[in-house]
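Look for chain A in each of the two complexes below; its partner is chain B in the first and chain C in the second.
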Partner chain A sequence: MKISLIGFGNLGQGLTKVLDEKRNYLKEKSGVQLDIVSVVDSGGAVVNEEGIDIGELSEASGSEDSVSEIMEDGELGTSALEVVKNVDSDIMVELTPTSIEDGEPGLTHITEAMNRGKHVVTANKGPLVVAFDELKELEESSGLEFKYSATVGGAIPVLGLAESQMSGDSISEIQGVLNGTTNYILTRMTEENVPFDVVLSEAQELGIAEEDPTLDIEGIDTAAKMTILANSLLDRSVKLEDVDVEGITRIGQEVTQLAKDSGNEVRLVGIASSEKLEVSPKLVPSDNPLVVQGSLNSVTLKTDLAREMTITGFGAGPRETSSALLGDIVDIYKSVEG
Partner chain B sequence: MRARIEMELDDTPGQLVKVLDPISKYGANIQNVVHKREELTPLGKVPVTVILEVTEKERLDKILEEVKKVGARITRVGEQEKAVKAVMLLVGKIIETDIRDSVERLNKIDGAKISDLTLAFGDSEGKSSARVIIWATTQDSLQKAVSKLKEVAKEKDLLIIEPLEGFE
Partner chain C sequence: MKISLIGFGNLGQGLTKVLDEKRNYLKEKSGVQLDIVSVVDSGGAVVNEEGIDIGELSEASGSEDSVSEIMEDGELGTSALEVVKNVDSDIMVELTPTSIEDGEPGLTHITEAMNRGKHVVTANKGPLVVAFDELKELEESSGLEFKYSATVGGAIPVLGLAESQMSGDSISEIQGVLNGTTNYILTRMTEENVPFDVVLSEAQELGIAEEDPTLDIEGIDTAAKMTILANSLLDRSVKLEDVDVEGITRIGQEVTQLAKDSGNEVRLVGIASSEKLEVSPKLVPSDNPLVVQGSLNSVTLKTDLAREMTITGFGAGPRETSSALLGDIVDIYKSVEG
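This part shows the complex of A and B:
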C-alpha cells in the first residue's frame, strides 16, 4: 500500500523509524507491504511513486533542515496541499501540528485527501474537535476509512477496544486521565510535596512538559480528547467549546497533601456521558485504577455488560504513538485487501 | 454510608468475634463497638452495638445476612442507616473570605453537618486550602449541603474538588 506522509516532525519521524524497523515483521505477520511514496514538511517534499527508501528517510530524522533539503530528490518549496492533491497514494497519514482553533491545516488535508479517494489516518486532534460530524459524513459518503486512534491516549487502544472488541456494550460514561504532563505534575506534588512551579520546570527539563504548557495545565488537551471520545463512543455531537474545563493551575502542593491524608489523590479527570462533558481536578481514591503514576494515561469505560473496563498505557511519545498509527494502517489494509 | 447495627448475642465466649468477622470480610470500616455484658436482656442475651462505614448498601445487606447466620439477633439497624458523607477540597482564599461564615451557612442545612475541616496553607500569600467532610442523615440533605457549598464557593471564588464518583 502506498502511504503519503504529511508532516515530518516527531511523530512522522517516529513512524518512519518504526516502519523501517518493522518492514519484515509486518510482511510476515500481516502480509502488508507499506511504501512511503511521499513525505512533506513545512520546507518541501520528497516524492517517489515507486516508494522512497525508508532506511534513508529514517536516517534523515532528527535534522533541523527540511526533509526536502536532506534527501536527494527533494522538492524545495512544494507544499503539503500540493502533495495531497497531486501524489497518488492509498493512505494519507496526517501528522501536522494541531490547531484547536480551526483545525488547520490538517482539516483541509484530510478533506482534500478523502475527496480524492484516499483513506486517512491521523494523530491530529484539531480537525476532529472542530469538524467531527463533517469528517464522519465524508467518511460515510466516500466509503473510505478515516482512523484517528492516535488522537486519544497515545498507545492506548481505547477507541478500538470500544468500537470492536466491546461493540456489544452500551457505554454510559467515560472517565479519562489523558494528559501525561498534568499527571506527572500531580504525581510528583503528591509524592514529594514540592510546589507546582518547581515540578513544572522539572517536567520541562525532562521533555515531559512543553515550553508553553498552557494547553496541558489548563486542561484543554484533555478536553480535546474527551470531545473526540464523546463523539466517537457516546454518539454525541460536541465541539471543544462545549466542554466545561478547569485545569490544575490552582492546585498547590498543600491540596495534594490534603487529598493524600484522606486516602485520595488529585487527578485531572475528563468525564463524558449523555449529560456530562467536563474536565476538572477530582478527588480519586488511591486504589482506583485511574490513579496512574507519572506521565501514564488511563481510561475507564462504564458499560452495561462489562461494567467497568480500565486501560492504562503510555499516552505520548513518537514510538508509543506509532503503535496506534500502525494499528490503524494495518486495519485499513485488512479491510481493503482482506 | 454509616450504619448503626444493634443486636443480641449469646452470652458465651467467642460470640463477638464471630460477628465481627463477616464485617471485616466485606470491607466495612468498624468505627465503634459497644458490648454491654452488664445489661443482659431478660432472655440472657448480650446487647451489642456496632457502628460501621461501608461503601455501598449491597455490602451492608451482605453483612447483615452473614451476621444473622452466625446466630446474632439483629434488633435494629439504626437511624444512621442512611447517613452519608462527602469529602471535598476547597482551594482559594479560604480564611480571607470568612471561613466562619462558610461553615455556618453549611451547618444551617437540616440534617447535614460539617464533621471535619482541615486547613493547609499554600505557598503564595493568602492562599489556603481546606478538606471538608460533611455528614448528612439523608442523601437529599447531603445534596443540599453540597449545592450550598458550591454556591458559597462560587461567590467566594473558591475552587471545589469533588470526589470522582459523587457522594457515598
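This part shows the complex of A and C:
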C-alpha cells in the first residue's frame, strides 16, 4: 500500500523509523507491503511513486532542515495541500500539529484526501474536536476508512478495542486519565510532597511538560480526548467547547497529601456518559486501576456485560504512538486487501 | 446467523440471557441477526432450525432438569455430538466443561464442527491446552473462523486486542494475573492479615472458590491460560505440561505482611516469553498496574512499540464472559457477512 506522510515532525519521523525497522516483519507476519510515496513538511516535499527509500528517510530525521532540503529529489516549497491533491496514494497519514481552534490544516488535508478516494489515518485531535460528525459522514458516504486510534491515549488501543472485541457491550461511561504531563506532576506532588510550581519546572526541564504547558495543566488536552471518546464510543455529538473543564493549577501539595493520608490519590479525570462530559481533578482510591503513576495513561470503560475494564499504557511518545498508527494502517490493509 | 449452543450450564445460560436482552441492540447497532437453532446439555437437546424462542430458553435457565425436559419439542437423550453432526448452523458455541487431561468432549465437538464447515466460538480451555496446533491448522485449512477470547481473562479482550489493534507490535513477554480465586485469597490475606486456610474457607462459602479448589490454588488454571496466550501471541507451540507451575498453598500470612510492609503485594503471576513459561507467586510493587484487587484479572503485554500495556477487568462470571463470547460472534458475523 502506498502511504502519503503529511507532517514530518516527532510523530512522522517516529513512524518512519518504525516502518524502517518493521517493514520485513510486517510483510512476513501479515503479508502487509507498505511504501512511503511522499513526505512533506513545512519546507517542502519528497515524492517518489515507486516508494521513497525508507532507510534514507529515517536517517533524515532529527534535522532542523526541511526533509525536502536533505533528501535527493526534494521539492522545496511544495505544500502539504499540493501533495494531498496531486500525489497518488492509498492511505494518507495526517500528522501535522493540532489546532483545537479550527482543526486546520489537518481538517482540509483529511477532507481533500477522502474526496480523492484515500483512506486516512491520523494522530491529529484538531479535526476531530471541531468536525467529528462531518468527518464520519464523509467516511460513510465515501466507503473509505478513517482511523484515529493515535489521537487518544497514544499506545492505548481503547477506540479499536471498544469497536471490535467489545462490540456486544453497551458502554455507559468512560473515565480517563489521559494526560501524561499532569499525571506526572500529580504523582510527584503526592510522592515527594513538593509544590505544583516546583514539579512543573522539573517536568519542563525533563521535557515532560512543554514550555507553554497551558493545554495540559488546564485540562484542555484531556478534554479534547474525552470529546473524541464520547463521539466515538457513546454516539454523542459534541465538540471541545461542550466539555466542562477544570485543570490542576489550583491543586496544592496539602491536597495531594490529605488525599494520600486517606488512601486516595488526586488525578485529572475525564468522565463521559450520555449526560456528563467533564474534566476535573478527582480523589480516586489508590487501588483503583485508573490510578496510574508517572506519565502513564489509563482508561476505564463501564459496560453492561464486562462491567468495568481498564487499559493502562504509555499515552505519548513517537514510538508508542506508532503502535496505534501502525495498528490502524494494518487494519485498513486487512479490510481492503484481506 | 444460526448458532448451535453446545452446553447449557452457567456460561450457556448466561449467554442465552444476554442474547435475549441484546438481540435488538445488536441488530440496530451492527446489523447482526442472531438465532439459536439448537441447544444441548447432558440430558438432551432442543432443535428448531427456524430459531428457538430465546425468551423461553432464557426462562428455562437455573433449573436442575435438562433443557430438553423443560422446553416444548425437547429431544430427551439426544447427544451433543449428534447435534454437532446433524444440525445445520453457521456457528457452534462450545461451552462444555473443561478437561485439561484430554480436552474432551470439547475437542471432538470443535473438530467435528469445523469438519462440517461451521465457525467455532468457545470458552473451553481444554481443547486449546492439549491440541492448539492441530486446531489452528484445521482453522487454516478450512478457511473457517475459530475464536476463543473467552478462554483467557473472561471479559478482558487481550487475545483480540493483540491480534488486531496491536498488529504492528511485536510482543516479547506476557505477564498475567489470571485467576480470580487466588487473587481474592491473596488480596484478603494482605488486607486483613488472616491465614490462607481461613480465607479459602471464606471464599468457598461465598462461591468464589470451588469445593475442590485444586486447579485454582495450585496454579493449573493460570497455567492453562498462559499456555493459550503463549501459543496465540508468541507463536509458541506449547502444551499445559510445558508450564513450570507453583501454586499459592505455601504462602503464609507472614509473607503477605512482609510484602505489604515493603510496598509490594504477593500475586500469582504467569509469565510467558520466547524462553519462559511459568506460573508462581511473585512480589510485585503495589503501584504496578498488574496488581489488581479481589477477583479482578490483569494482563500486561511487553512489546517493542507500546512498551507496556495492561488490561484489567473481570475474569469470570457468566455475564462478563458473554462479553467475550458475543464479541467473537459479532467478529465472525462481520468477517463473513461484512
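Annotations
Here is the rule we go by: the second predicted complex is superposed on the first by the 338 of 338 C-alpha atoms of A that agree within 3 Å, B and C clash if a C-alpha of one lies under 4 Å from a C-alpha of the other, contacts with A are read in each partner's own complex, and residues count from 1 in each chain.
One rule holds in what follows: a residue touches a chain if its C-beta (ideal position, glycine included) is under 8 Å from a C-beta of that chain, and two chains touch if they have at least 3 such contacts.
Since the model is a prediction, treat every value here as computed from it, not as a measurement.
In the superposed model, A:214 lies in contact with neither chain B nor chain C.
In the superposition on chain A, A:306 makes contact with chain C only, while chain B stays out of contact range.
In the superposition on chain A, A:201 contacts neither chain B nor chain C. For chain A, the partner that touches more of its residues is C, with chain B and chain C as the two candidates. In the superposed model, A:274 lies in contact with neither chain B nor chain C. Once chain A of one complex is fitted onto chain A of the other, the partner contacts of A:86 are absent, as it touches neither chain B nor chain C. By the touch criterion defined above, A:283 reaches chain B but does not reach chain C. Touch criterion met: A:258 reaches chain B, while chain C stays clear of it. Once chain A of one complex is fitted onto chain A of the other, the partner contacts of A:63 are absent, as it touches neither chain B nor chain C.
Across the complex, chain A is touched by residues 18, 22, 25-26, 29-30, 149, 155-157, 160-161, 164-170, 287, 289, 292-293, 296, 298, 303, 305-314, 319-320, 322-327, 329-331 of chain C. Residues 175, 195, 246, 250-255, 257-259, 261-262, 264, 266-267, 269, 280-285, 288, 290 of chain A touch chain B in their complex. In the complex of the two chains, the chain B residues touching chain A come out as 87-89, 91-92, 118, 120-124, 127-131, 133, 159, 161-164.
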